[in-house]
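Note that the chains are named A, B, C and D in the order they appear, and that numbering of residues resets to 1 at the start of each chain.
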Amino acid sequence: MGWSRDQIAARAAQEIGDGYYVNLGIGIPTLVVDHIGPDQDVTFHSENGLLGMGPFPLEHEVDADLINAGKQTITETANSAYFGSASSFAMVRGGHLDITILGAMEVSEGGDIANWMIPGKSIKGMGGAMDLVAGVRRVIVTMEHVSKDGTPKFVRECALPLTGVNCVDMIVTDLCVFAREDRQSPFQLIELAPNVTLDHVKTNTRAFFEA
Amino acid sequence: MGWSRDQIAARAAQEIGDGYYVNLGIGIPTLVVDHIGPDQDVTFHSENGLLGMGPFPLEHEVDADLINAGKQTITETANSAYFGSASSFAMVRGGHLDITILGAMEVSEGGDIANWMIPGKSIKGMGGAMDLVAGVRRVIVTMEHVSKDGTPKFVRECALPLTGVNCVDMIVTDLCVFAREDRQSPFQLIELAPNVTLDHVKTNTRAFFEA
Amino acid sequence: MASKVFPDAAAALDGLLFDGMQICSGGFGVCGIPERLIDVLVESGVRDITIASNNCGIDGVGLGKLLLTKQIRKMMSSYIGGNAEFERQFLSGELELEFCPQGTLAERCRAGGAGIPAFYTRTGVGTLVAEGKEVRNFGGEDYLMERGIFADLAIVKAWKADESGNLIFRKTARNFNEVMATAAKVCVAEVEEIVPTGCLEPDSIHIPGIYVKRLVCGAPYDKVIEFRTTRTEDAV
Amino acid sequence: MASKVFPDAAAALDGLLFDGMQICSGGFGVCGIPERLIDVLVESGVRDITIASNNCGIDGVGLGKLLLTKQIRKMMSSYIGGNAEFERQFLSGELELEFCPQGTLAERCRAGGAGIPAFYTRTGVGTLVAEGKEVRNFGGEDYLMERGIFADLAIVKAWKADESGNLIFRKTARNFNEVMATAAKVCVAEVEEIVPTGCLEPDSIHIPGIYVKRLVCGAPYDKVIEFRTTRTEDAV
C-alpha cells in the first residue's frame, strides 16, 4: 500500500519542468534524478558551488575537488559552471532556483518545516537548508507520512526547531500529495497513492488540510 | 613660487609605498603615475573593474573593451585582473586599497571633502568618488591652494555639497602639504613648497591648521 | 528545452516590455553596453521606463537614445557627465534622477539579485545622498541604509555565451554587466559569439546560465570609444 | 616589492598568530581546505581562536586537528555533522558554537570583506537562528539583520597563484575559499602551483592579488575524500 521511496521521488520529479534549475536535498530527494526524462533539460545546483551536477563518477574519474553538498564525489555536465559559496547562496537567496526538493522531520499545516535538529539527540547543523527554504521559489518536501514509531509528520505546529516558516508549497509522502496555490492558502490533498484511502490519510495526519 | 601641477603630483607620489594598491582620480592625480620609480611595484585600480592598469595604448593596441574610469583607452599590466563593478567596489568599500589620490573643490579643516557638484553650475555626478573617500584606507587630496578667482579651498566648513565627511588624511597643494596623524586630529602644515612662507599659506587658507 | 538563443534582438525582447517598467542595464560609459537591445527599446516605443545604469550612455549613443525619444521617466545613476541631454532633462525637471554613488549602485543591484532587501554602507554619510535615509551606528561609525534593486528586466552585453546561457565578459567591458545580470526577474544578454554548450571552461564562467533567460548574438559590433587616448612608442 | 611568496607554511604565517584571534577559513567538508596552514596553527599552539568556517573538517582532518588540541574557543559554522569531537565539545560546553546558515555565513563574510557592517536576509526568520537578532519588515516580509564578519586572518586554499597573489580555484574546491580571502585584514593562501606573474588569464582570476598578502606552495597534495561515491560503466 502506498508509494515506495522511489515512487515518492518519481512523483516529486513530475513537478520539474523543462529548463528548470533544481536543488535536491539528501535522502529521498537524491532519487529524483533517476526520474528525469532523457529529453528533459534540467540543471542541478549543488550549493557548495556548482550548477550542472552530473552523476557519480566512474572510478577513474573521481576528483577530490569535485563533490556535492553531501560531500560525495560527482561529475560535471556540459553546461557546468563553478562559483564560490557567496555567489551560490546569492543565487539561492535571490530566488533564482526554480525548485528545491528536500526531506523533513515535520511539516506544519502553515507550511513551516523542521528538518535540521532533534534537541538532545541529533545536532548536525542546518547547512544550507535554511537558505534553500527561505530563498528558492518553490519548496517541495518528500517524506514518509509517519515516522518510524508511527507518529504523523504533517502536523498542526512543528514541535522540533524550525528550518523555515511558511515556506513549503507541496508535500509528497508515501500516502499522498498535499499542495497549495500560494502561501496564504491551506494545503489540499490533491492525490492519493494507489490503494490509500482518504480515511487512512486523515488518521495519520495531524494537520488541517482540504480534501 | 610654489609647486607646479607636476610637482604636486610628485609630492603626492612620495606617499605611495612599495607594493601599494592605488586609485587615482582625474586631474592632477593622473600625473602621479609619472613619478612612480621604475623599481617600485605599484598596482593601479580602475574602479570600472581592473587592478593593474598600464599606460595609454600604442595606436595599434587600442581596445574599446579596455578603458579606465575616465573612459580613456588604457592597457593592462602583467599582474592585471578584471572583475565586475560590484566586486570592484567591494574592494574599495572594504578598505582593501592602500591609497586614493583625488582632486577637490574644497576641503574642510575637519577633513570633509567636496568634489562632485557645484549647484546650478556643474552637475556631473559623484561617480565612484563617494565610495572611494568612504572606503579607501588613506585619502590624499591634490589641488591648487586657491581657486581661479583666488578663493581659498582649504576652509572651515565646505560650502559645496560634500563628497564625504572627515575622510581626508593629507592635502598637497601648490603651496604646501597638510597632514594629520588620524581622523581625530587637526591638520598640520608639514611642508612648504620652495619660496613659500608660512604667512603666505595663512593668508590663503581659511581652515585652522597647526603650523 | 526551449532554446535560450533568439534570432535577433527584437525577438529576444518580445513580450517582455511594458510601460512603466524598471530595467537594469549593464555598461560603463559606452563600454560594454547592450546596444542591440537598447535599439529595440527605442523601436518598441515603451514609455515611462525607470533605468538603473551607471550612466545614460553619451549623447545619442546607447541609453542616450532613449533620452532623445523621452522614453525614460527616471534614471538611477552615478554619473551624467558627457551627456548634455541627460543634464538638460534633469535640470529642466523632465527626467527624474536618483543620484547613486557608483559603488552603492553596484551593491544595491548585487543585493537585489541576492535576495537582500537592504544593507548598510559608509558611502554617502553626511552628503546629499543621505537625505531621507536611515543612519545607523555600528561600532562607533555611522552608516546609511541602502535598499536592494531588483528590476523587471536586465539587459547586458557579454563577450561569449554558450547555448545554455553561461556568460563570459571581456576586460573592462564586464563592468556593471555582471551584477545587472543577477538583478532582475528576466535577464536578456547580447553577446559577440554564441558557442555550443560545453565549449566554455566551467571555472571561468562569470555569469552562470541560470541568470540568463534569453540570448542573442549581436555581432558584428562596431564599438564606440569615448576617449581614444594613445601614447607613442618612445613615451613610456 | 617584498615578495608575497614564502618558502613554507610556517614562514607564511610567521608573526600573524596571537591568542584570542579570529580566523576565517576556506573549505567545505575536507574539500579545498588550507591544510598546510592549519598544520602550522596546530604547531604554533595559538589558543582561544574563533574560527568562521562552514564546518570544522572531520575528525582529525583539517580544522578537526585544532579541536583535538583544544585550541578553538568558538566556531561560527553551519554544520558539525561528520565530526564527533566537534559535536562532543559543543554538547559538553567546552566549545562555543554560533550556528550560522551556510548562505548567511557566506554572506556575512562577503559583507565583512566589502565594508558592509550589516544586511537583511529572509534566511532563518522564525527559527533558533533569529534569537537576539533584529527582525525588520520590508515590503510585507520579515527579514533578519545579520552582521558582517571581518577577521584578523583568512587562510585559504587555491589551485594556482601567480607571484603577485592572483588566485584561481579549481571546481568545487573554490567553495568558501573565494569569499574568505576577502574577509580578513590579512589573507594567506596556499596553492598547488605558483606561476610567474603574467601567466594567468586576467579575465579568469577569481581573487585579485590585492587580497592576498602571503602565498605558499603546499604541493604535493594528497587530497582526502570524505565520501568516495562511484558508478559503474553501465549504470547511467
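Here is the rule we go by: a residue touches a chain if its C-beta (ideal position, glycine included) is under 8 Å from a C-beta of that chain, and two chains touch if they have at least 3 such contacts.
All values derive from a computational prediction rather than experimental measurement.
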{"item": "Partner chains shared by chain A and chain D (touch criterion as defined above)", "value": "C"}
{"item": "Chain pair, B-D or B-C, that carries the greater number of C-beta contacts", "value": "B-C"}
{"item": "Chain centre separation in whole Å, for chain D relative to chain B (CA means)", "value": "35"}
{"item": "Distance from chain D to chain C - Cα centre to Cα centre, in angstrom", "value": "32"}
{"item": "Distance between the centres, which are taken as Cα means, of chain C and chain B, whole angstrom", "value": "27"}
{"item": "Separation of mean Cα positions, chain B and chain A [Å, integer]", "value": "53"}
{"item": "Two or more partner chains touched - positions in chain C", "value": "107, 110, 114-116, 121-122, 169-171, 174, 202-203"}
{"item": "Residues of chain A engaged with two or more neighbouring chains", "value": "76, 82-83, 89-90, 92-93, 135"}
{"item": "Overall pattern in which the protein chains touch one another (line/ring/star/complete/other)", "value": "other"}
{"item": "Chain-to-chain touches, reported pairwise for every pair that qualifies", "value": "A-C, A-D, B-C, B-D, C-D"}
{"item": "Chain B partner contacts - residues on chain C that touch it in the complex", "value": "28-32, 54-55, 77-82, 87, 90-91, 99, 101-107, 109-110, 121-129, 159, 169-179, 206, 223-233, 235-236"}
{"item": "Residues of chain B defined as touching chain C within the complex", "value": "46-50, 55-59, 62-68, 70-74, 76, 82-90, 92-93, 112, 117, 123-131, 134-135, 161-165"}
{"item": "Contact footprint of chain C on chain A as seen in their complex", "value": "18-19, 21, 40-41, 43, 45, 51-52, 76, 78-83, 89-97, 135"}
{"item": "Interfacial residue positions of chain C with respect to chain A in the complex", "value": "1-2, 110, 112-116, 150, 162, 164, 166, 182, 197-198, 202-203, 205, 208-211"}
{"item": "Of chain C, residues touching chain D in the complex", "value": "107, 111, 114-122, 136, 138-139, 141, 143, 147, 168-171, 174, 201-204"}
